[in-house]
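Provided herewith is a single structure, encoded as structure tokens, for subsequent inquiry.
Labels A, B and C are assigned to the chains in the order they are written; within every chain, residues are numbered from 1.
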């Protein structure tokens, strides 16, 4: 069902929802950009519609709400281990279509892939999604080519059009919060884009033989292995587990997990020091083929959702979408080599 | 709510069998299904976890052969006496004895690579009728690096065992040479009915597989076991992924027809 | 020809080696200006000068080859620049009021440079408004970060941008990019403790490398901007030396106040017989002792809580021309 709201009305809805939900949305952090006098947009709790940044893309994706950068797995003492208390409050996440599609990818790994992840499940079961419609694509977006531009599976949507908020509600639970504050009801179709300035073409014949192409070589020197591409990505799911002890009582502590990046040193390093993919170009190849090929082999659909954040954040101006567009050439190269 | 795979259980150290200065087998209390080639995440909270493959399966116990190479294993060696260790697992697919039933089986193992195949070797040593023939080529760096000495003595009675060292200066009674040296000399009645398992350091596996392929075995007739960095053991953390496979879920044992397509 | 050289110097012209020719000096506080003014400078140079322009060390332009009698016309043409750069001017249309205090120069700062911790030009302009014109010989320079591209330690007042890094612990993924950057590029103030970085506050110079290198925005800049203030570096014929740290984690207000206080101090203690009435402040401080200077400098100054004042302050011997 569709609802229309004035800014005051939608804020009443948000106040009401806040009673039951922690509401997460892209939020502006003034002065918190890496460079001085620049801002940062990332996910955090919001309490009013004005807190939600609609006109910019967030630097980090909403995945941190479901998969925190740091998460305690259990606490230990000398002779016992105990789980942290499960989250008690439900959550609403404001997110765009690409990021909503990314949640499906997170689910594939964390709810599927043989084992279910206990901690992800706890958060996921208590999460509802508020779609932020996209009336236009940002310059680095390529959702249309990744087929993530059309939103599916949201609980409600929100679009700001001519000073009026339009909401399409698909969840009975949320409907009750909406009805009393709407100015009118009617059909609402959330905005979505049908074309993007950045275009991407992944060749049909892409195979792991693309690893043998020379396209990866340039990244040996261009990439600095900082991991920004992975950390900003809504579909990267890797983590590392760490044990730490408390300074006041070293016999007690916690085991936690933190986000990991396949681009950063040490990702494959085993005890004793051996590891794979020392060259940064090899890491780029591993990442790109995961996003464009390996995940799909396992799950049947593309991993990359085309949000373009990796292109936005690379300090070395390495374009992931640009690299995807080289895959056709890479396949021609390796197939040509085979014929020789 | 589903099982929380991350929370480990305590397992008592029943016995410690030293092999070398830095390699001990820890016999741990464990009741449950487990296969050779699977692994457990072994930990001492505060120091972290390490994936260790099952080197033996007993009644109410499992053997974990641990090499002292890092923070966690170092601490296990320091603290093991009279204690328990935290375990999670077993994880991974492990070896399936049926794959080698009624075959001319060759097992090529290097160094600690003997651990994951120890159960398979023991199985075919005690059930010689289950395979047409079974041969073991095991290589270690020097005589003092040899693991499972007592097992070797037993296996030698029942299987065709070649125990070789890279450097035999310390004890010239051992044959000297890499495991690959012995692959061309293997006798097969029917190469189409051969099966091979190769486990060890990456270079050793690469060259052994190459030698086996040259002998006429097909990729489908060869199994390998991969060792990769692992954190979670349950297909989440991503460290062990190669191509579209998760070593912790789909491996560590791979038929080489699949293993050969996986790129680091 | 009868020219009052004292007067023309106070009007930003210079006595040149060419008899009858002067040069017009155009100060650009903070070294940043609208490109449109360049065509005005070009016009002056082509109409009244010899068609050339010198880009000065202190971020100005000097137009040589001007006949002395054309100074009023040049001043008239300079008026839009003087107004556009917001220069304190007593008599509109009469040119730059020049003085002993030199143009306040600055590196390009955070309008462009990723390392810079503040808008150097804006702060330079703010100081300009507070101190100009003034006859005393003060050199003030600003640089965006401890790289000190502006070489502010060669100045009486060197202002070096600092940022106070704030770590949001739970955003840290322990990739150690900050620890490595601090070790390789800065002062090794970060070490990993239980995987996460721990900052040695004594060592930290506020360069911001940790923030710049953090891939998850776990390290961010504090809301407030901070500065390191260095004192009494100098070049010259007698005893060149580098400026020493006076205050770490100072704020803008305090720095401006300290500079103004120093004018009072110099006014009080300067050697009136000094040639041209100019004496480097450092020599005055050598005479009065640092404690006396500090008393004047910090009068009515309220520093931020985290500010650290280095006292007593000693300068290295610098360069001594011993006749070797």
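Note that a residue touches a chain if its C-beta (ideal position, glycine included) is under 8 Å from a C-beta of that chain, and two chains touch if they have at least 3 such contacts.
For reference, the UniProt names are A = Anaerobic sulfite reductase subunit A; B = Anaerobic sulfite reductase subunit B; C = Anaerobic sulfite reductase subunit C.
Quick caveat: nothing in here was measured; it's all calculated off a predicted structure.
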> In graph terms, with chains as vertices and touches as edges, which category applies: line, ring, star, complete, or other?
Replying inline: line
> Given the contact rule stated at the top, which pair of chains has the most C-beta pairs in contact?
Replying inline: A-B
> What is the distance in Å between the mean C-alpha positions of chain A and chain B?
Replying inline: 38
> Where the CA atoms of chain A average out and where those of chain C average out, how many Å apart are those spots?
Replying inline: 45
> Rounded to the nearest whole Å, what is the centre-to-centre distance of chain B and chain C, using the mean of the C-alpha atoms as each centre?
Replying inline: 68
> Which residues belonging to chain A are in contact with no fewer than two other chains?
Replying inline: 240, 242, 244-245, 260
> Which positions in chain C touch two or more other chains at once?
Replying inline: none
> In the complex of these two chains, what residues of chain C are touching chain A?
Replying inline: 110, 114, 116-119, 144, 161, 163, 169-175, 177, 194-195, 208, 211-218, 220-221, 223, 225
> What part of chain A is in contact with chain C in the complex they form?
Replying inline: 29, 31-32, 34-37, 40, 42, 59-60, 68-70, 226-228, 231, 240, 242, 244-245, 258-261, 264
> For chain A, which residues are in contact with chain B within the complex?
Replying inline: 73-74, 76, 81, 83, 109-110, 113-119, 121-122, 208, 211, 237-245, 250-251, 253, 255, 257, 260, 262, 267-272, 275-277, 282, 286, 289-290, 293-295, 297-298
>> Help me check something: in the complex, which residues belonging to chain B touch chain A?
In response: 1-8, 43, 45-50, 69-73, 86, 227-229, 231-232, 234-239, 241, 243-244, 246, 249, 261, 263-264
